[in-house]
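What follows is a short report on a single structure.
Naming follows writing order (A, B, C, D and E), and every chain is counted from residue 1.
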């Protein structure tokens, strides 16, 4: 079994709202699995449920052979999952440097090298190293959020809409980076930019109204005009 | 529990009618006399409240020879806690006057609470014995004829203080907290001391909540007085700093009022100071006080009466004596003329309600603070008893 | 949307009944202590409501609300003792108190309402602290820390009449404030509480709204202070202390911020709890330290009523309604989706 | 024709960093203009300077010839410059309807009315509901805003701007994070406003197909400075723009 | 000149004492953003337990250790029971911590009796040096030294480790810190306990200075602590130190030169700082 992550019939409530009503999802090691669905479908909630931020009330989540359904967010994170949230979650009053410092789990040579690589990728971060996170531009915040997740050695990265707010040229770089990361980590990606999703995704899972509708190889989706029209409004 | 009166439901209606039927002596044996006592039983002043309470209970016993009856009528006491909040005091006082239909009010531990209650005594035409609140205005600008005060007032303190240290040509600096209590104390003291020929060279006031009094003390040192007279109340006291800055070594003698026992414990640095005392159980020499000290020890596992215990005691005595005079009639208007000028025996000797403002004139004590073997705190040792006339304050109402 | 007025009228009926009960209560209980307690309760309910305009509706924490209460109390006390205890003077003193409070709110508001939460709170703490010092030092007028007594107008010496006056004030203020918070102006206040910067970029001058809110709150608090002074016929510096502010704060929070009925209930809970707990102390020695139980009451209030009594009860009610209606709602949603496709 | 909006040497410095650098720009009424540029180029900051959220260190903004130097953001909204925010900026604990209603209230100048019940102003609510229909949020009308998904919040953000109904609309990445299905619907809303022809629109976006489709002209910011300004074709064919901004993705 | 030196030394000592009071609040209120009105309660409990062991064991040092332990234990209990449910909610914080303050203050009376207790400076710190006309009180010099030492330790911890950053990050976005693998609950618990221990230590050191401990002392000093944290700029130890010294010096000099205003000096100081420099007097842009 080479699934790094599996969700079986996961259901989640937020206060009394039944948001996820049955999510089945698997991510294979070394692949990019893309979650797709319209606004409000439950993609973000799925990622947050995996992270333990909105814990599942039913179903099981396995990560790397362990049941993480009932674990706390920090234990989940420490067991090797990095998370780039949809709202970036930048610590506004900390500088870029401090944001990175909080994120880095262990200051080893390897992480420092990785940090250097990331700063190469996003030179803006290097430029504004001492600037408060809250004062960055929208795209720069997105970069910082990714940098924080990339810098640690994770077995799995959960990335929520990374292309949002990025200039086309940066999107290219992010795709490059993800392709690079893919060599050591598996990735679960939520992405509205179908061009990007289809280019770097290996598999897809379609969510609608809190349920898994369909999943399969990305190539299959690209060819399935009907499915695309029905759930993604394109084609 | 002895604090409260139980089973008074039946009697309430009777005593409510008391106002009308007060002059008819027939009812006397049946209906009890009710006394409502207001005191701070919680909060910062609770130790004062408790002293009053203990003293009052003993005083009643003493004055009635243990029968708790006067002129054939039982005396019942109802206690209420003012929490040192004027609005609560008014609430509780009204409860006492209305629901419990008390014939007398006694209280309270704070001048603010007391002032707030004064108009109620007048409205209900009931005698109120003020104890131990000290503000001059209670028997001064805020006076009404139903008010009688067994406690000494600020001016009496000041006269006592002046009598203890002032004299022709003596140079005195004063130090007091920067609010009414301090200002009143100093201005009364100033009048008294200047009357005795002393010169006030400096008046220093400090924030009572301050952590540091050095600046004020520095100024006092610079003024080179013979005496420093301190008016102080509250736990946050300047004594340590006075000692640290060696005022006494610099030839400035300290003088202040000796407070209650707890506060005396903090005055170790002031041993040797000469000042005055309102009461310490070793000071008065009379039978009443002997009885009080004995009984208090017996009743409260060896504790001696403290600063306001005789006050509570005195208030009880005053009530009983007044009732004896009226033949058990508790009507306020009947009592006023009887109580004006009334003298009665208390742990502090004979007291007299002055006719004009109903302030009880009483003995005070010029003392020196000394370490005495059998006490673990500095004790006021008697230099001279100040007669009631000596500390008679001006009439201000 | 159209359902709203119906609910309102149902609520109004409840309010009317409650007011009716409160009006006859003194006759039923026939105890002046109770009348006084009810009077105090109404006065603090007015004060707490005024505080809620700041805290609950505009999102401003003030540690200096006692200042306005004190201004009202002192104005009334001073005017009645200087110009005689007539109803006219009393009415005039209320007006003067409100005007003074309004002027002070405008000045201090214009200076510092730009500040963020804590900072404004600390500023008000400082200013009201200064007022307390002023009241202590300006002895020719205030008689300092001991305070002074004065005569109330003849009519109000009968506690019952005064209680009715206070009750009427409570009702009138409640209706008035209810109006204000339900008005377009009130909606903007709530918007400021939620996101001030965004409110500004929608074209509302938020500083103006905040100043008006604090003028309203200050004026009502001043009225409460005037009534308080009459109820005691005495005033001293305790009306300006932090305790008063904290009382108002606690009443508002316990009852539920952002609901006008909440502070009233909170005032009731605190006034009566205090009364009965300290009463217990008289009868049972274990309750000698009744303040501990009082403190525990606050703690339990937060744990069991995290949004205050009114807030939490209404939240639970909505949840319950939602749960009941969930099945039907879900199927409706599904059908709508189908139609869309 | 006098330009409705004009900037004169507009600049702002954050410490040493010139986020907006001497921009001279103007647009005539009813124009549709887009701003593109790499992340951190100064687009949002430029909006902030126009809408009054920030004060320029140098230069000035003119609205219909009138200097805005002394005008607060409130004044500018009232004059007719409305904006949406890139980072979603709504009233989190109010319902979707209440959020939009506040904007309508402002537009209708119902401000200090204190003594009438809010529901007396029926037209405000009705108009708010209409707008929610336009931005596809009717279903979520009574939901509290912080319970919305990201894309839904974006729609709300646009709804609030539309409700303000100002002469100039500043749209900061309105469709970022919106799903593929819904982007066209929002585009239709924007297009219909454009076609009604009474608004001046300034749009920041990174989605090139959308920009080319809608814009009368495009201006490009780079490192705070104005790099180019011209018709869509001109910009798309501009070598520098290609390199600095579009990379290889321009025509996908 | 001697006068000025004397006023300055005393002002400095008072300032240091105030810093000791405010240090715990700088962590709890400044850094963790908790409006902890029970702080005074922690302060009094530290003072009482410390003083009672000091009186019983005759060792000031033992008293200090016990005070700190009390602070840690009480801090643990307070955080778990009182603070944890209300992080991020100022309104609830006010209510629950005020309630707890009442409990703590009254419990003092139950456990230690309702009356104040006199405390003496230990013999080796008692007395004063006389240099010409200048009187220097030994205990104050001790306070100054302890104050600076404590400042140094705290400064080092907060600047050399990540903990300060983590706490600030946790206040800004709790969820995100957890998602980054940080057990923020535990971090907050530990920091709160440290804050409580600092409060307790402050109470213990205050006791011999004023010569007395009493149940009501907590609330008075806690307000002073809040003032200092606000004047100094939230969450900055440097700021708190400077502000505390400023408050101490202002008190000392005002009492000498402008006695009329000395009751109001703290309030005037705070009001003017808030009007003219609302971000706090000593906040440097960089943490």
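Note that a residue touches a chain if its C-beta (ideal position, glycine included) is under 8 Å from a C-beta of that chain, and two chains touch if they have at least 3 such contacts.
Since the model is a prediction, treat every value here as computed from it, not as a measurement.
A.B. asks: Measuring between Cα centroids, which chain is at the maximum distance from chain E?
C.D. replies: D
A.B. asks: Using each chain's Cα centroid, which is most distant from the centroid of chain C?
C.D. replies: Of all chains, A has its centre farthest from that of chain C.
A.B. asks: How big is the gap, in whole Å, between where the Cα atoms of chain B centre and where those of chain C centre?
C.D. replies: 38
A.B. asks: Distance-wise, how many Å sit between the C-alpha centres of chain A and chain D, to the nearest whole number?
C.D. replies: Centres of chain A and chain D (C-alpha means) sit 28 Å apart.
A.B. asks: Counting only Cα atoms for the centres, state how far chain D is from chain E in Å.
C.D. replies: Measuring from centre to centre gives 49 Å for this pair.
A.B. asks: Indicate the whole-number Å distance between the mean C-alpha point of chain A and the mean C-alpha point of chain E.
C.D. replies: From the centre of chain A to the centre of chain E is 44 Å.
A.B. asks: Which residues of chain B are in contact with two or more other chains?
C.D. replies: 178
A.B. asks: Can you list every residue of chain E that touches 2 or more other chains, as numbers and ranges?
C.D. replies: Touching at least two other chains: 263.
A.B. asks: Quick check on chain C: which residues sit in contact with 2+ other chains?
C.D. replies: Those would be 136, 289, 291.
A.B. asks: Mind giving me all the chain pairs that touch?
C.D. replies: So, checking each combination of chains, I get A-C, A-D, A-E, B-C, B-E, C-D, C-E as the touching pairs.
A.B. asks: Help me check something: in the complex, which residues belonging to chain E touch chain A?
C.D. replies: Where chain E meets chain A, its residues are 162, 165-166, 168-169, 172-173, 175-184, 286-287.
A.B. asks: In the complex of these two chains, what residues of chain A are touching chain C?
C.D. replies: On the chain A side, the touching residues are 15-16, 18, 209, 230.
A.B. asks: Show me the residue ranges of chain C that touch chain B in the complex, using the header's touch definition.
C.D. replies: 31-33, 36-37, 40, 136, 139, 143-149, 151, 157, 159, 228, 231-234, 236, 238, 243, 274-275, 278, 281-285, 288-291
A.B. asks: Along chain D, where are the residues that touch chain A in the complex?
C.D. replies: Residues in contact with chain A: 14, 17, 36-41, 43-45, 86-88, 147-152, 155, 173, 176-182, 184, 206, 208, 244-250, 252.
A.B. asks: Which of the residues in chain B end up touching chain C in this complex?
C.D. replies: 1, 3-4, 41-42, 79-81, 83, 85-88, 90-91, 94-95, 97-99, 111-112, 115-116, 118-119, 123, 135, 137, 141-142, 178-181, 183
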